[in-house]
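Some structures are shown below for you to check.
Across the two complexes that follow, chain A remains constant while its partner is chain B and subsequently chain C.
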Partner chain A sequence: MSLSEIIKNLLSGLPNTLFILITSFIISSVIGLLVMWVSLQNDKFSRVISKIYTGLSRGTPPLLVLLLAYYEFPRLLSFVGIDANDWSKNFFAIFGLAIGFGGYMGELFRSAYNDIDSAQFDAAYSVGMNKKDVLKVIIIPQMFTLALPNIQTIFLSFLKATSLVYVIGIADMYRDATTLANASQGVFQLKIFIVLGIIYWIITLIFEFLFGLYIKKHNYS
Partner chain B sequence: MTLLKINHLKKSFNKKTILKDVNLEVDQGDVITIIGPSGSGKTTFLKNINLLEHPDSGSLSIENKKIELENVSTQDELWLRRHIAMVFQNYALFKNKNAFENITTGLIYGKHLDKKTAQKIAEEELKQVNMLDKKDFYPSQLSGGQQQRIGIARATALKPSVILFDEPTSALDPELVGTVVDDIDQLARNGQTMIVVTHLISFAKRIANKVIFFENGEILAAGTPEEIIDHPKNDRIKTFLAAVSRDK
Partner chain C sequence: MNWNFMFQSMPKLLSVLPVTIFLSFIGIIFGLILAVPISIIREKRIPILSQLFDIYISLFRGIPIIVQIYIVYYGLPRLLFLLNQNHPVTKGFTMPSMIIGIVAFALNSSANVSEAIKSAYHGVDKSQYDAALSVGLTKASAFQKIIIPQLIPNFIPNFTNILLDLIKDTALVYNIGIVEIMGQANILASFSFNYLEAYLDALIIYLVVCFVFANLLSLLENKIKKHVFA
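This part shows the complex of A and B:
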């Protein structure tokens, strides 16, 4: 089996890998912001809820979360009369990854929020800004900049975790690689998996470069 | 004419009283300097006037509007801050905004001016403090003195009735103090009503028409600079001024 044949086969799963990566990352970021918001509330109940979710999310292997999302979540939905049996597998993959990484994102945002100097809030309020604008215009942009290096790390972990979606039968690059290896009775297995590793490495380099550009552009410190 | 009147302002933290029944009347054009030892409640007093910290009780009247401070509505809070601006000890410029945006942000989101008007005002204010050439610089790219001048421009751009200065020079290197002091001096000469907390006694004397000596959360003495600084009658003030001049 030629190298170009292997690359062509593996890259056919790339669009789905990228779709799952970016969608689940965005949803995970929204979950992270919600978790941060809940964790910063004054009442104990909210803080306990966010701690429990963060603990479960960080303590459960992503593979297990994906399996639970695919096999058990539809069963939960059926109790409230929702039939999820025909839903796309991509939905469960995105849902599982987003829930699985939401706790990391929440912790990351919370620590960035806590790093913001309280004088920034005072200054923003002192010029007559309301709470919503203070968060939108001053605090959240600063929080993202502070969190960016850690967001990059988690994003790259996400990229690697997308290879796990093969367990629920999604056609991503990893599944293409195993299918191809099986088709050749394992003769080209090593070659195929080395090529797959190099493709992941190149994608990682591209995203690192893009993050680097963004960080450079938004670096005001 | 009385512009700002503060009545029976009280504030405590964890059962410790920080401000004990403080009363103050500020006339239009007054420049009041507040001096006193560290931890006497000077900064807390300013933050309570601007509601960055919430007083336990008291009332505040400004521009013929009286606000009860015990339970201030968000609307009154925002209204008050549009009339009383603040300049901070550590500049507190918005780190994610350049010098120009530091001024326009308050005008757009605080005073709800349109972008063009805000930009025009920001340009004029930057010219006033000779910082127009630094308009695209972020706070981290400016010296302490330059940051504080932007902080002053940010406050004056709001055209507030009163500006509160919280130790505006104490975080500056000695050689940078002069320019900031000159800017504040110029504002005083232009008739801007100000309350300035400072540890620089000569500056306090130079710009003020009234000086307040603050200790243990209350006004121990108030009077003209001559009465409080040149010829203090109170022994505690004498000791304080002697210690300050010795430290110099």
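This part shows the complex of A and C:
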């Protein structure tokens, strides 16, 4: 099997990998912000809840979360009368990854929030801004700046974790590689997997470059 | 939900817990052994070698671990065969999966640990080294007595994360035929399709293991901190 054939075959799974990567990352960010918001509440109960969720998401292998999301979540939904058997596999993959990484995202945002000087709140209140505006104009932009290096790290872990969605039978790049390896009776396995590794590496480098460009452009450090 | 099955399969899953622990520990120990010289080479900026290791680290951090495991799985026996083609042992030689798992995890964690060492090293104030030299310490003893004791508590939190990630990544090696917790859960569940119960058992074990190691290491960190900064 020629090299170009392998590359062509593997790249056919790339759009799906990228789609899962980006959607699950966005949903996970929303979960992370929610977890942060809950963990910053004053009552003990919500702090405990957010701590438990963070511990759960950080202590379980993403593989296991994906399997549970795909095989057991529909069963859970059927208890409340929702039939999820025909839903797309992509949905469960995205859901599983987003839930599995939500704890990391929450920690990331929380540490960024804690790094912001609380005097800035007081200063903003003293000039008459209300809480919503303070958050929108002053706090969240700074949080984003502070969190950006960590966001990059997590984004790249997401990219690597998307290779695990093969367990629920989604045709991403990794699954293409195994199918291709099996189709050739295992003769080209090593070649195929090295090519796959290089493709993942190049994608990582591209995203690293893009993040670097963004950070440089906005002069964050 | 079959509670009975869940209780019965728990001890069976726990019986393979040593495999998971062994694999992740040996992996990270070899990773650490590899990472120290790599970090020294990169910090000293030895030409060619340091660039090579930059690429090495970028590669191992940029490729999903499952792909790395498969590359080692298919590549290592072939590499050994190429290196030693005429040796009788290498003919028709199949490698134990355990060795492949350990090699893959050691290579992977060496890249991550090396980055952790780098950030821990940069976290120590550089002027302390100059101060130590100015009071007459030799370079070696300044490094040994001033830098390294401060580097270690800096290093432990990142090291903990790497170890926990590695423990979670061992869930992937059932692909190459090592029966650890995930593999055992799949095997047990496949008899009677009790996937939920088996996976929940596995989840509980992973959670407890991660919790225990996270706390042990943070205890160690506090102890070292007290010892160093007291």
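Here is the rule we use: the second predicted complex is superposed on the first by the 218 of 221 C-alpha atoms of A that agree within 3 Å, B and C clash if a C-alpha of one lies under 4 Å from a C-alpha of the other, contacts with A are read in each partner's own complex, and residues count from 1 in each chain.
Throughout what follows, a residue touches a chain if its C-beta (ideal position, glycine included) is under 8 Å from a C-beta of that chain, and two chains touch if they have at least 3 such contacts.
Source: prediction; values computed, not measured.
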Clash-or-fit label for the pair chain B, chain C on chain A: fit
Touching partner for A:142 - first (chain B), second (chain C), both, neither: first
Partner chain in contact with A:89 - chain B first, chain C second, else both or neither: neither
First, second, both or neither for A:47, with chain B first and chain C second: neither
First, second, both or neither for A:200, with chain B first and chain C second: second
Residues of chain A touched, compared between chain B and chain C (which is higher): C
Which superposed partner A:129 touches (first chain B, second chain C, both, neither): first
Chain B versus chain C as contact partner of A:58, first or second or both or neither: second
Shortest span in Å between Cα atoms of chain B and of chain C, once chain A is used as the common reference: 22
Residue numbers on chain A that touch chain C, as the complex places them: 55-56, 58-64, 67-68, 71-72, 75, 156, 159-164, 174, 177, 189-190, 193-194, 196-197, 200-201, 203-205
Chain A-touching residues of chain C, taken from the complex the two chains share: 58-59, 61-68, 70-71, 74-75, 78, 164, 168-169, 171-172, 182, 195-196, 199-200, 202-203, 206-207, 210-211
Residue numbers on chain A that touch chain B, as the complex places them: 117, 119-120, 122-130, 133, 137-138, 141-142, 145, 220-221
Chain B to chain A touching residues, read off their complex: 47, 50, 52, 74, 78, 81-82, 85-86, 88, 90, 92-98, 105-106, 109-111, 138-140, 154, 158
